[in-house]
C-alpha cells in the first residue's frame, strides 16, 4: 500500500460558546474529539456522518482554517500550522471544493480573475507568459469552454459554478483535494456530472481526495475507503467494500439501514437501469 | 430702593391693593446668586442681587449716587480713604441687623473671591471702627471708588458658609422662594424691607435665551417685562397695543479698538482713515433704528467725563487717499474679532464698506472664552465689544483700559497716561471732567478705536405693569412695581 | 450613527440568492436624480451665472420681500438682514453644502470603513480597541467635541468638516464591521486564504468590495445629515465664518426674522429639505439595491 | 423494509368525507402561474394538471426550479402577491382560485394544512412551539386550557417525547427532526383533510428523514388524510407516494402511479432521474449523466423544454410542445416519443 | 444573564473611564480656561496667574488628571465655579427636565414611528410605502430649530394654545417634545419599515398565512414583534444621544435641561459641570444600550445576550 499523503493524529477541536453565567462556565462543543486519519496517495477517502458530527471541522483543520486544540496534521511528513503560516508549496498542494457553489466564488470577480488570482499568489505554477493558455487548459479540464472566463459566477448554473470551483483548486496542481459536501447542493442530474468529473480528474491528475458527505449512496459509488464519524469521534474506518457489506460498528449499521429504508422501490431502479443498458 | 425719591409709605399703601405676580425674562440666565463670586459681574447675578441684597450706594447716572445701606459717605482729600456711615435699623430678612461687620466681611469675601469684582479693588483694605461705620482704604488715590463700590452687595457674614446661596438671606426687597440655577428664580416680598415691603405678591425671573421665544412669551403674556431686545423685534412689539416699549440711554458704547501694535495699524492716520471709510450713519439707521445713535465720544453721555467730539464723517474717497498717503499695504488682512452672534450683521456691513475701498477685513467670531484669551493676548487687529462704564464713571473705562500699563489695545501714549492718572487721583468732579475731556480728545483723534454708536437700552412691558422704571444699565429693580389684569 | 442601523438590519449579505425579479422602472423614480443633478449644476455653474459677493452688504435694502427691486436688480427671493440677495445665497450655499457634505462623508467613510473592516476581519485586540473607541464616542456628547474643535481651530470650513467628522465615522465603522464579520464567514474568503492570499489582499479583494453597497447607501444618508448638522452648528454660533455662504448660515441667521422676514430661512430651508429628501430617496434605493440583489 | 411499502397501497379509509365516490378530493386543472421578472414575465407553471385522491399520496417531483412549490402553493393561494394564476383548482366541488379571500382563509389550516421545507425558517423564532401549534385552535375560539391539552396531544401524536416540556420551548432549542415534527403537529392542529408537504425531509439527516417519512405515512393512514408531497428526491417518492407527477421547467413531464412511473418511465427525463439515483445496497458505477443544466422556466426552450438534454430528441421536439397524453391506462407522458422510451 | 450584566457593566465602566478621560483631555485642549472667563475682560496677567494657581490649573496636566480621576472614583465631581455649588448637584437638578423631554419625545416617536413604519412596511414598494418613506425623509430633513421657532410662532403667538417657553408644566412640554420627536419619529418609522418589510418575506409569515390567519392577525401576531429588534437597538442608542443632544431644542424653548447646561458650561469653561454632565450622559447611554439589549433578549429568545455586535 502506498504511504499516506496526509496523516491526522489525535485531532481535537473544541469550540467555546459564550458564558451563560458567572459560575456556569462556557458552553463547550467538542466538535472533534481525537480523530486519527490517513489519506493515502491517489485514494479517495470518504468521511461520512450525520450533521454536526464534526466532518467539516476536520476538513478545516486540514486546510489550516481552524486551529485544533490538540493533535497534529502532517502532510508528507511535515507538520502543518495555520494556513497563512504554511510554506507556499504546501498551501498549493492542498486545495478545497466547497459545498455551496453560490457562495464559494466571489460574485464580484469573473471566472478568469478567480482562477488567475491563484497564480498571482503562486506564480511558479503558471508562468506569466502562458496564463491565457493555462486558463483555457484548466477550464477544459473541468469541461468548461474558454468563453466562461469572462463571466461572473451569477451568470453560471450551479453545476458550472461547481466546475469553476474545482478548476480554481486544480489550477494550483494540488496533491490533495478536500471536497466538503461538494455535490450535496446540486440537482440530481447535475450531481452525477460533477461526481464523474471528480472521478476522472482524480485519475488524470494523480489526486488524493478527502470526500466529505452524508450521502452513503454517493460514497458507495466513489470511495476507496470510508471513515465514519459520530459526535466528533471516528467510529469506524474501513474499505468501502468492507463497510457496506460488513459494517462493524452498530452506528454504521444504523446509518446503513436508514439509507436502505429510503431505498424504497430499489428494484424498480435496478430494472430501469438494466433496460437502458 | 432704586432712584425713586417718593415717599415710601404712600407707595406701599397704594400697592397692597394691586400686588400681583410678575414674571420677568431678562436676556441672560441667572446662574448664581453669589454677588461676590466668579459670576458676580454677570448681568443675571446682578439682577438677582439687586432684588435680594442691598448695595452701599446705588449709582443713578453720571457721577450721581444715592445711599442705600450707606446713609452718607466721605472721601479723604486724595480720595484714597472712603468712610461710610450705615443706615440705622436695617435688618436682614431673618431679622438680624445689618452691621459694619457684615459690610467688612462681605468686602473681604470679594477680595478673597475668585471673581471679576476683586480686580476693581486691588490694594484695598477695609475696617469697621464702630457698629455703623466702615472705612475703605486704598494704596493709591481712587476717585472712581463710588462707581466701583456700587456693584458691591452686602450679605450676612454667614455667606461664607457652604450652601448659603441656595437659600440666601439678604436685606433687599425680596427673599428667595426657590431657585433653579440657570432656569428660574422665584421671589417673594421681604416684609421687613427697610424701604417698605414691595407690593408684588411674587416675582419670578425666567431665562428664555431664544429671542423669538422671549418675544412671543411677552406678547402672549407669559412674561410681563423684558429688555435688551434686538432692534428688528422692537418695531413688532411697538405695534402691539398691550405693550409699552421704551428705550433709555445706557452707558454702552460700541467700541472697535484697533490694535496699535499691529504694523499695518500703527499709524493713527491709517486708523482714522479706516474709520472714515465706514458709513456708520447708514448702518446704524438701518440696523439699529431703535437703540443706536451715532457716537461722538468713546464714553456715553450718561457717564461722568463725557465730552463730545467732532464726528468722523463718512468719506470713502478721502479715506482711500489717506490710506494711500500713509502707504497702507492693501494686501494685509485685518483680523476682526468679536464674540456675540448679534454683532454679525453689523460686522458684515462694516466689512463690506471697508472692502469697497480695498481693505480686507476677516471677521472672526470667537467663542467667549477664546475671545477673552485672545483679547488679553492682543491676538487680533480689530476688536468689537460693547463697553460700558461701571458706576457711570469714565475712570472705570478710560482710566482703566487706555493706560500704557494696561496695554489693552497696543496703544501707548504717555501724555494720555499722565492725564488719566491725574483724573483718577482727584475727587474734584469738575477737574475730573476737564481731564477726561482732554483724554477723550487724544483717544478720539488718534483713532485708538472706532466709536460708532451709543447704545440705548430697550425695555418692553405689558400694560398691566405699573411703576416699572427702566434703568440705563439693563439691570432693573422691581420693588415698586405692581401688576394687574393678567 | 443610528442611520447605520437601518442598513445593518438589511445589510448582512445573505446567501447569493438567484438574482430576484428586478423591479420595473417607474418614470417617477428618476426625479430624485434629476433634482440632485440640478443642485450639482447649480453648485457648479450657478456662481458663474449669478453675481454675488457674500462680503458686500447693502443695509438700506435689508429685509426686502421676494420680488422687490433693489439697486442691483430684482431680489427674486428677497434680501436678508444686511441686504444680501437670498437667491444668490441659495445658489452659492449649495456649493458650500456640497463641499461640506461630501468632505465629511468621504472622511468619515474612509476612516470608518478602514477601522470597521480591520476590526471585523482581525477580531481580537484591534477589534476590542476599535469597538471600545466607538462605544466611548457614542457615549460622548458630540456637541462638546464640536465646540472644542471650533474653539481650537480658526473658524472655517475645515473646522466644520472636522467637527462633523470626529463622531461621524462611527456609523461607518459599525456598519463595515458587522458586514465584514459576516462576509468573513463566506466560503470565497476561505478559498482565498487556502490558496495563500495575504491578509490585506484578502481584505481588499474579497471583503471590502462587499461593503461598498451599504457604505454608499449610508454615505448618502450621512451626506444629508452633514448638511443639516452644519446648519445646527451655525445656530449654536459654531458654524462657518460670515464670509462663507451656506444654507445653514442663512437659515440660522434668519431665525430672528422668522415672524417678519420668513423668506430668509424658508428658501434655503426648502433647498436643504428637498436636497435631503432626494439624497435620502437615492440612498434608500441604493440600500435596497445593494442589500437585496447582492451578487 | 417491505412493511413500509405496504403503507403506500392502503385504500382510502371508509367514512372519509370525500365528496363523491371516485372523484378526487383535489383536482388541479390547466394551472398557469405567471410571474414578472425584470422587464419580462415568465410562465413559471404552464398548464399543470394533477389530482389528489382522498387517503392517497400524490408526489410532485422534479429538479430545483421546476415549479413544484409554485404548483403546491397556488392551491391554497400562498403565492407571491405579483403572481397571476389561471386554470382551476377544484377542492371537493369549489374552485379555490376564484374563491373569496375569506373562504380561502377558512380552507387554509382547517381543510388543507401545509408543511414547509425548512422548519427553522418556517417557525416563528420568538414564539414557543406550543403557542404556534395552538394558534389556529385559539383563533377558532377554543379555551386556553383546552388548547393546551390538545397541543400536548398533538405533540405526542407526532412522536415528540416529553411534550410537557417541549411545549414551552422555542424552535431554535429543538433539533431539526423535532422541528419538522412540530411543523407537522401544527398542520394537523386544524384537522385538515389534505396536507401539502413541501420537501418535508430535505433539510434532515438520513436517519431522521426515514423517521419523518414513516410518521407521515402513519398519519395519512390513521387520520385518513390525503397528502400532496413535494420532493426532488426519488428515493423519498418511491417510498411514500401512490401517484407521482414529474415536473420539468414548469410543465408536467409524466404522471401516473408511483411504482410504475419509477420502474418503467415513459419520459426520457424521468428515466434519466431514476438512472442517476445511486444505491447503497450495491456498488454501482456513476451513471451516464444528463448533459447540461435544468431549464429555467423564464427562458424555456421552444418545443419540448427538455429537448436540449434529451438523448431521444428529434426535430419535432425542438418546435412542437408535446401535450400530456395517456400513453397507457393511467399513465400520462408529455413526450413525443413516449412509446419509444421503453422498448 | 447575570454574568452578561456584570460583563457589560465592566465594559461600561471602561467606557466611562474613556469618556472621563476624553472629556478631561478635550476640555483642557480648548483655548481659554476657567480663569479667563471668571475674571472677564478686565483681568490682569497677575490676577489670572493667581487664580490659576488657586484653582490648581497651573499644575502639570498628568497630575491634574490623576487627582481628577481620584475624585471621580470617589464620585466627587468638584464644585461648579459658575453655580457656586457641587457640579453634580446642578447636573442632577437639570436631569429630570431632560428625562421628561426625552421620554416624551421617545414615546411619541415610538408610537407614531411604529404605526407609520408598519403601515409602510406591510406592503413594501406600494404607493403608501413610498409616500410614508418620503414623508419620513422629509421630516428628517427639517432643521429642528426652524421647526421649533415655527411652532412657537404658530402655536404660541398665532393660535395662543400653548406656552412658548419655559419648563415645568405639561403644556410647556408639548412643543419641545414634538419638535424633538420629529426626526426621531422619522428614524423609528424608517427602521420599522425596513424591519417589517424584511420580516414579511420570512418563511414563518407564510406559515402563519397557511393557518388561515387574516393579514392583520399575521401582522400583529407574527410580524411586528419580530421586526422590533433593530428598532429597539436604535431607540436605545438614540435616546442616549437625545439626552445630551437636545441642546438646540432646549435653547429654543428655554427648557432647563442638560444640553443647554452642558453647552453653557463649556462656554464658561466650567470644567466641573462639563465633566459631571458628560459622565452622567455617558452613563445613561451605556445603561440604555444595556437595557435595549436586555429588551431585545426578552423579545427574541435566540439572542444570547453576549453575542452583541
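Letters A, B, C, D and E mark the chains as written, and numbering starts fresh at 1 in each.
As a working rule, contacts are C-beta pairs under 8 Å (C-beta built on N, C-alpha and C of every residue); 3 or more make two chains touch, one makes a residue touch a chain.
The shown structure was predicted, so the numbers you read here are calculated from the model rather than taken from an experiment.
Ranked by separation of Cα centres from chain B, the top chain is D.
When the interfaces B-E and A-C are ranked by C-beta pairs in contact, the top one is B-E.
Chain A and chain B have Cα centroids lying 87 Å from one another. Look at where the CA atoms of chain B average out and do the same for chain D: the two points lie 90 Å apart.
For the pair chain A and chain C, the distance between C-alpha centroids works out to 47 Å.
Chain E has its Cα centroid 21 Å from the Cα centroid of chain C. The residues of chain C that reach two or more other chains are 147, 151, 255, 258-259, listed in rising order.
Across the complex, chain B meets chain E through its residues 29, 31-34, 37-39, 41, 114-116, 118-120, 163, 165-166, 180-184, 206-210, 212-214, 216-217, 219-220, 222, 367-376, 385, 400-401, 406. Of all residues in chain E, only 11, 14-16, 18-19, 22-23, 26-27, 29-32, 125, 133-134, 137-138, 140-146, 149-150, 153, 157, 187, 190-191, 194-195, 198, 230, 233-234, 237-238, 240-241, 244-245, 247-248, 251, 259, 262-263, 266-267, 274, 277-278, 281-282, 285-286, 309 touch chain C in the complex they form. Those residues of chain E that touch chain B in the shared complex are 30-33, 36-45, 47-48, 51, 54-55, 81-85, 90, 93-94, 149, 152-153, 156-157, 160, 163-167, 251-254, 256, 260-261, 264, 267-269.
On the side of chain C, the complex with chain A involves touching residues 15-17, 19, 186-188, 190-199, 205-206, 209-210, 294-295. Chain E contributes residues 202-204, 206-214, 217, 221-222, 225-226, 299-302 to its touches with chain D in the complex.
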